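In order of appearance the chains are A, B, C and D, and numbering begins at 1 in each one.
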Amino acid sequence: MINKQGLKIAVIGGGSSYTPELVEGLIQGYHDMPVAELWLVDIEAGKMKLDIVGNLARRMVRKAGIHMEVHLTLNRREAIKDADFISTQIRVGLLEARKLDEHIPIRHGVVGQETTGPGGMFKALRTIPVILDICRDIEELAPNAWMLNFTNPAGMITEAVTKYSKVKTVGLCNSPINFQKFLAEVYNVDENRVLPEFVGINHLHWVTSALVDGEEKLPEILAGDREYSAKNVPTVGWDSDFLRSLGAVPTYYLKYYYMMTEKYEEMKEALGRDGTRADVVSRVEKELFELYKDEALEEKPKQLEQRGGAYYSEAAVKLMRSLYQGSNDIQTLNVPNGSVYDFLPEDASIEINCVVTGQGPIPLMPTNVPEHVKGLLHAVKAYESMAIKAAVSGDRDLALQAITHHPLVPSVAVGRAILDEMLEAHMAHLPLFFED
Amino acid sequence: MINKQGLKIAVIGGGSSYTPELVEGLIQGYHDMPVAELWLVDIEAGKMKLDIVGNLARRMVRKAGIHMEVHLTLNRREAIKDADFISTQIRVGLLEARKLDEHIPIRHGVVGQETTGPGGMFKALRTIPVILDICRDIEELAPNAWMLNFTNPAGMITEAVTKYSKVKTVGLCNSPINFQKFLAEVYNVDENRVLPEFVGINHLHWVTSALVDGEEKLPEILAGDREYSAKNVPTVGWDSDFLRSLGAVPTYYLKYYYMMTEKYEEMKEALGRDGTRADVVSRVEKELFELYKDEALEEKPKQLEQRGGAYYSEAAVKLMRSLYQGSNDIQTLNVPNGSVYDFLPEDASIEINCVVTGQGPIPLMPTNVPEHVKGLLHAVKAYESMAIKAAVSGDRDLALQAITHHPLVPSVAVGRAILDEMLEAHMAHLPLFFED
Amino acid sequence: MINKQGLKIAVIGGGSSYTPELVEGLIQGYHDMPVAELWLVDIEAGKMKLDIVGNLARRMVRKAGIHMEVHLTLNRREAIKDADFISTQIRVGLLEARKLDEHIPIRHGVVGQETTGPGGMFKALRTIPVILDICRDIEELAPNAWMLNFTNPAGMITEAVTKYSKVKTVGLCNSPINFQKFLAEVYNVDENRVLPEFVGINHLHWVTSALVDGEEKLPEILAGDREYSAKNVPTVGWDSDFLRSLGAVPTYYLKYYYMMTEKYEEMKEALGRDGTRADVVSRVEKELFELYKDEALEEKPKQLEQRGGAYYSEAAVKLMRSLYQGSNDIQTLNVPNGSVYDFLPEDASIEINCVVTGQGPIPLMPTNVPEHVKGLLHAVKAYESMAIKAAVSGDRDLALQAITHHPLVPSVAVGRAILDEMLEAHMAHLPLFFED
Amino acid sequence: MINKQGLKIAVIGGGSSYTPELVEGLIQGYHDMPVAELWLVDIEAGKMKLDIVGNLARRMVRKAGIHMEVHLTLNRREAIKDADFISTQIRVGLLEARKLDEHIPIRHGVVGQETTGPGGMFKALRTIPVILDICRDIEELAPNAWMLNFTNPAGMITEAVTKYSKVKTVGLCNSPINFQKFLAEVYNVDENRVLPEFVGINHLHWVTSALVDGEEKLPEILAGDREYSAKNVPTVGWDSDFLRSLGAVPTYYLKYYYMMTEKYEEMKEALGRDGTRADVVSRVEKELFELYKDEALEEKPKQLEQRGGAYYSEAAVKLMRSLYQGSNDIQTLNVPNGSVYDFLPEDASIEINCVVTGQGPIPLMPTNVPEHVKGLLHAVKAYESMAIKAAVSGDRDLALQAITHHPLVPSVAVGRAILDEMLEAHMAHLPLFFED
């Protein structure tokens, strides 16, 4: 679409506290990708936040001196119509629901987390029908648009869109871009001189190669003391022998699997002390919106960086720009497996290095897939496939199979107990499970 | 080999309490498969048992009035030389080692079992080098022989033979034949009128179809109250919703995975009450050998059936006869995967229905592989592959990866603790791990 | 369906000269599979033949003294309704069309044959829509019936049914059963003691193993002077070095590929002398129907054996009986590839050894697929897939791609010339290609 | 190797008339990739050419004013020792052998061409053992070097190196870079703004996507009048319907398959008029070396461009630079298949878009593999695999299978006749086929 002038971008869940970061990215990238209209859309319950964020966005644009109209609306169809890019960052059930996702599993002895384990499963069950509803609008009103999905669990949501709609979609996570920045920082080079290889799926990947100016630095990284992690995942250190012989840097989400006992204890303890992550985020958000309200504020406040989603908007703007220009650069994205991993279904979503052309991302073949990661990868993807099917059908049998086959759930009985309690707790947001 | 007269069969571990059952099978099948020489071979430590069992065998043969010489020897090479069939049923470290396999994991909160989990892994680590040593003899002295492996963990042992020797081998378990008999009994028909389909690997299979006279009875079986189980696996009942929606009958070993919490508790409790399964077996064996000593005994005593390995010898004799005659009948065996499951390596051992020709077994394509079983299957096979590599190399890094990636082990730390304790405990039987 | 009494069988194209053979088979197998109703159905143009054949069938049944009603009808739906087995042996355009299939390619320097090359392609283009129309009736009137397809090109027709209908179908050819009989005859044993392995697709298979009582006889067969062939395929001898190093016995249809030049010359010469195979068959059929008319005739006349389709009905009755009884024996059938050959699509039809259960055939994994056969197999299957798509769509572009990609067609220009002439010649039977 | 100074490059077959182009490329790229030593090595028979070319190279370097030593030698091991890059451009049997490759098949009614058909097969049979001998030196003397193979048939030679040596190798052809330049020229943009996608193998590829600034231009290209071709392949026009419905731009070498009849006639006619391509090249080379001798010449003469290998050296220098710098740009290269095409062996060589890192090329997953190309691709690769095996073993049986399975050879008899005549004619260069 290189010759097109005046792009239209729609942000579903535009009242999110993340939005100012995205706006900053669009402003900085305006020269390469001129956005004429930015539509922030939210639901009735989010109207107040939308207004606050939207007004900040307008002040930012005004200060930048560019011609980008900022529209605020509760009418999703109006926002979607003829859009070129649509990003989704929604939270069905808001932070209250997240709190339940985090609390309930813990009570049954299982990790309670927003994207991993039963918590992630229920976030998917609530979110997928809503996202597919959005897709129906896109298919009708903006069939050529690219949908950039940030909504967690990003891999499952993206997979659901691929399986059950015709919308062109890419899933995005900030984890790969953070690793890239970490690597560039460790070796003190520009980001474009590093090339980490990601094997796996969203929130379950391994870095199996780490090139810096073409040299392989993985053994150094694995041997080093420096641990790569994210601010919002409290760290328990790795067993260094294990890490070295694993031959790959596991994402910090893999601690839930490789250090299940310790992570569970840590979470349980934190729950008593700070509440869940949802509670923490809730406090941070409250503060952020206080800042956003300040009419004098004309740029993204520094405090936003503590929110956890560092570089999300950088990843998003980079992707939009490459799709717009056909720049054929390498980015790590969530796309359908195709024939990359022969042990996963073709329509399974994977997280992988891609060359981003004007027609979409093309995966690079992984150069090194350690044998021992395949089993765990397959097991988690099998759970994900079942959970996605359960989400679109409201089938309790499938939901029971999904939760039981999750590697973090120790037995049918525990799985069923969590399932029953969570279905009850989230009833309002799971209409398909409560139809006659 | 149909025209060959006078077969020679060698039984490695011939002093086993199971041997009388095998002898009975050979006597009953003598007409179809005339065995001229039966060689029972054992190690020095098993000489007394060998003599007792061997003498009983001779009395049984004499009573049957057939011309089958029974040889007893401690010289393995003599037994193997020019044999047509060689069966292996050995226990490296004897029941003492088994006791450790069962006790140590339990202390760390993990299932302690002879074939599943860390216990099975250590049985494999001890046994594989010994079996491969036997294979060296077979390659030299009986290169055309078929090796029938009963030694547990049968899938891993068979896979190791396939990967690291040229010996023609088939792995055998009595679990499939028991299910077949169960099915025939439920429907009150001859065994040859039932055809259950097995998907998976040894001790981790699912019955995905159950034909009786060509009619599919699986839904009935899954809905029914009758549970299929084995005498030596104490039963905790299945969740009936789970079983029905699983769409397959899981082997009782799958309870260790699907009901991990309950099985662990059950084992721990039993440990306090009866000791481990090794302790129970130890008592049963003592009684059996007392019976075997009786010079008046000329047939297999009824009590042997309580030993746990029901129909082992029936399966063995059936397989030998089909290989001998080229009878092209269907049996469930452990053979290399080839291209049956595209998500497993070609040389991985799987347990599957085969047509047994005179040249060996040919797998039947599975008709129904439930999506949800693939992940677990892949995860366990990934562990098995690593454990086998560790067994032949004595590599502790690989052993750590293997134990950690086992689905029943909750974390690196727990895996490492069990590993360290078991390496120490089994040191005498793990020379490769203690070389300089 | 073992307990079902009174099977109903429908034969589409029941006026065929082959029918008496089928009737003979049903009579001989009556004890194991009691057929209550045999419905012979044909089109208006075949009414006279239907009456002749039908009356012979009634005399045969009467003589056998069994209770099998023989119905003659022009009403296909009546014949299909509630049938258990439906066999199809139709010839769209009759022998006149076959003559064109054989003549036209020859004029352009290309093999002209009923199932191979452009002739086979046009037979498929004419037949597939008619067969799918029959399938619509079966889906409605006999959804549980098995359709046994004999209609050539049997592989492509069966594949079309699998791809475009819900009818349960198996494709049958007499070529495998003939090889089995040949093998049994050479070694002077009963048929059930031989097991040849077939790799490939209909009319393009290789025998890669030939077990007799479990012994591998393939090297002997390949080295021997005796050539396996069929009466209706004139023989040019194989190059013995080529055959030996091929490591497999190619079906006689493979001569069209491996000996293209010679087969073309042979056909061209035969055309001048005897006319095409269609002309020969036409004369044979005329004689047969004269015999059939004889009211004194109460059994299948010997002359039928010269017709070319030896043992077709034996194969058919064997298959029906095994599906009926669930006898789990091994037969060579045309079934969907599934994951047997990883280089062919899952829904591609292959010809392979299967265990026939009451629920349908289960393929045995091939034990030996020579590398050099894969390329040719893939190339021919690629042509078949395109031709099938062309048949159901009437798309000339696809037809041009299909004919050009056929290994026997030397160039786009030759392919297009044949295509244009044949489309014109067969216009009446290719309505989809001549719609506005 | 970015920090390494003073690269050493060895050119095997350095006396080739192409060498000045390579030297020009190294001079132009000197700033990015400083080459300290350029070793041109040739065999005794090529000494005169080597001196002429080497002296021209020295004059070119001197004029450019850079510090690159040009060494001329007949000692291959000296040239290879510690080299960073080794390029191979050899012709075993010289142009005399090529003449036979082109003449003999034509006499038997088959295309005679340097890389396609029996001619290409014999070039491979002669060349592979020599290349593997070079590899033995590289393994010993420069184990970390990259070998860039230009020697035709480039795909087969590269595959042989991958299969039978440990040398890191990439195969290069100028055909993809020429298409890229053609595309850039048609749309009047810089080359880095176009991205054609290549599916297939060397000299048998299809362009299945043609992006210009991210827009898909393939339909336009297929519909257009402009034909993409190469100067050294005389053109017969494509059937426009065929091209459009093929949905991909076939390389001009595919005319030997899709237009076999016409290409054969054209070649036969040209043979009578101009002699073979070998004769033409022979004349061109004579003229080139006369020019090279001129002591006043200090740059690559324009006439070299008519030689046929346009942009070979550009491709080579680009590849070396990217491997040196780790520049992660996209180039089309011959690399092992890995799991890109599931119907080809993992070690088969394919021609595909790759991201070139400092550790080697990483293939991009093809986005569009037309069904109809798979069959032909598989058939040709099957021939190639057999021919490679024949080359390393000298096995005539395999050679007979290879030539017979080549899609351009119509029968065993024709294949055998060509084989016998060519084995005899090339005897001096096929020692493995004439050992006792």
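The rule is simple: a residue touches a chain if its C-beta (ideal position, glycine included) is under 8 Å from a C-beta of that chain, and two chains touch if they have at least 3 such contacts.
Each chain and its UniProt protein: A, B, C, D = 6-phospho-beta-glucosidase.
Computed from a predicted model, the values in this text were never measured in an experiment.
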item: Farthest chain relative to chain A (6-phospho-beta-glucosidase) (centres taken as mean CA coordinates); value: C
item: Chain centre separation in whole Å, for chain D (6-phospho-beta-glucosidase) relative to chain B (6-phospho-beta-glucosidase) (CA means); value: 55
item: Chain centre separation in whole Å, for chain B (6-phospho-beta-glucosidase) relative to chain A (6-phospho-beta-glucosidase) (CA means); value: 46
item: Where chain C (6-phospho-beta-glucosidase) touches two or more other chains, by residue; value: 342
item: Contact graph of the chains (line, ring, star, complete, other); value: ring
item: Chain D (6-phospho-beta-glucosidase) to chain A (6-phospho-beta-glucosidase) touching residues, read off their complex; value: 1-2, 193, 195, 209, 211, 213-216, 323-328, 330, 338-340, 342, 355, 357-359, 362-365, 367
item: Chain C (6-phospho-beta-glucosidase) residues touching chain D (6-phospho-beta-glucosidase) - in the complex, by the definition given at the top; value: 238-239, 241-242, 244-246, 258-262, 342-343, 371-372, 374-376, 378-383, 385-386, 397-398, 400-402, 404-405, 407, 410-414, 416
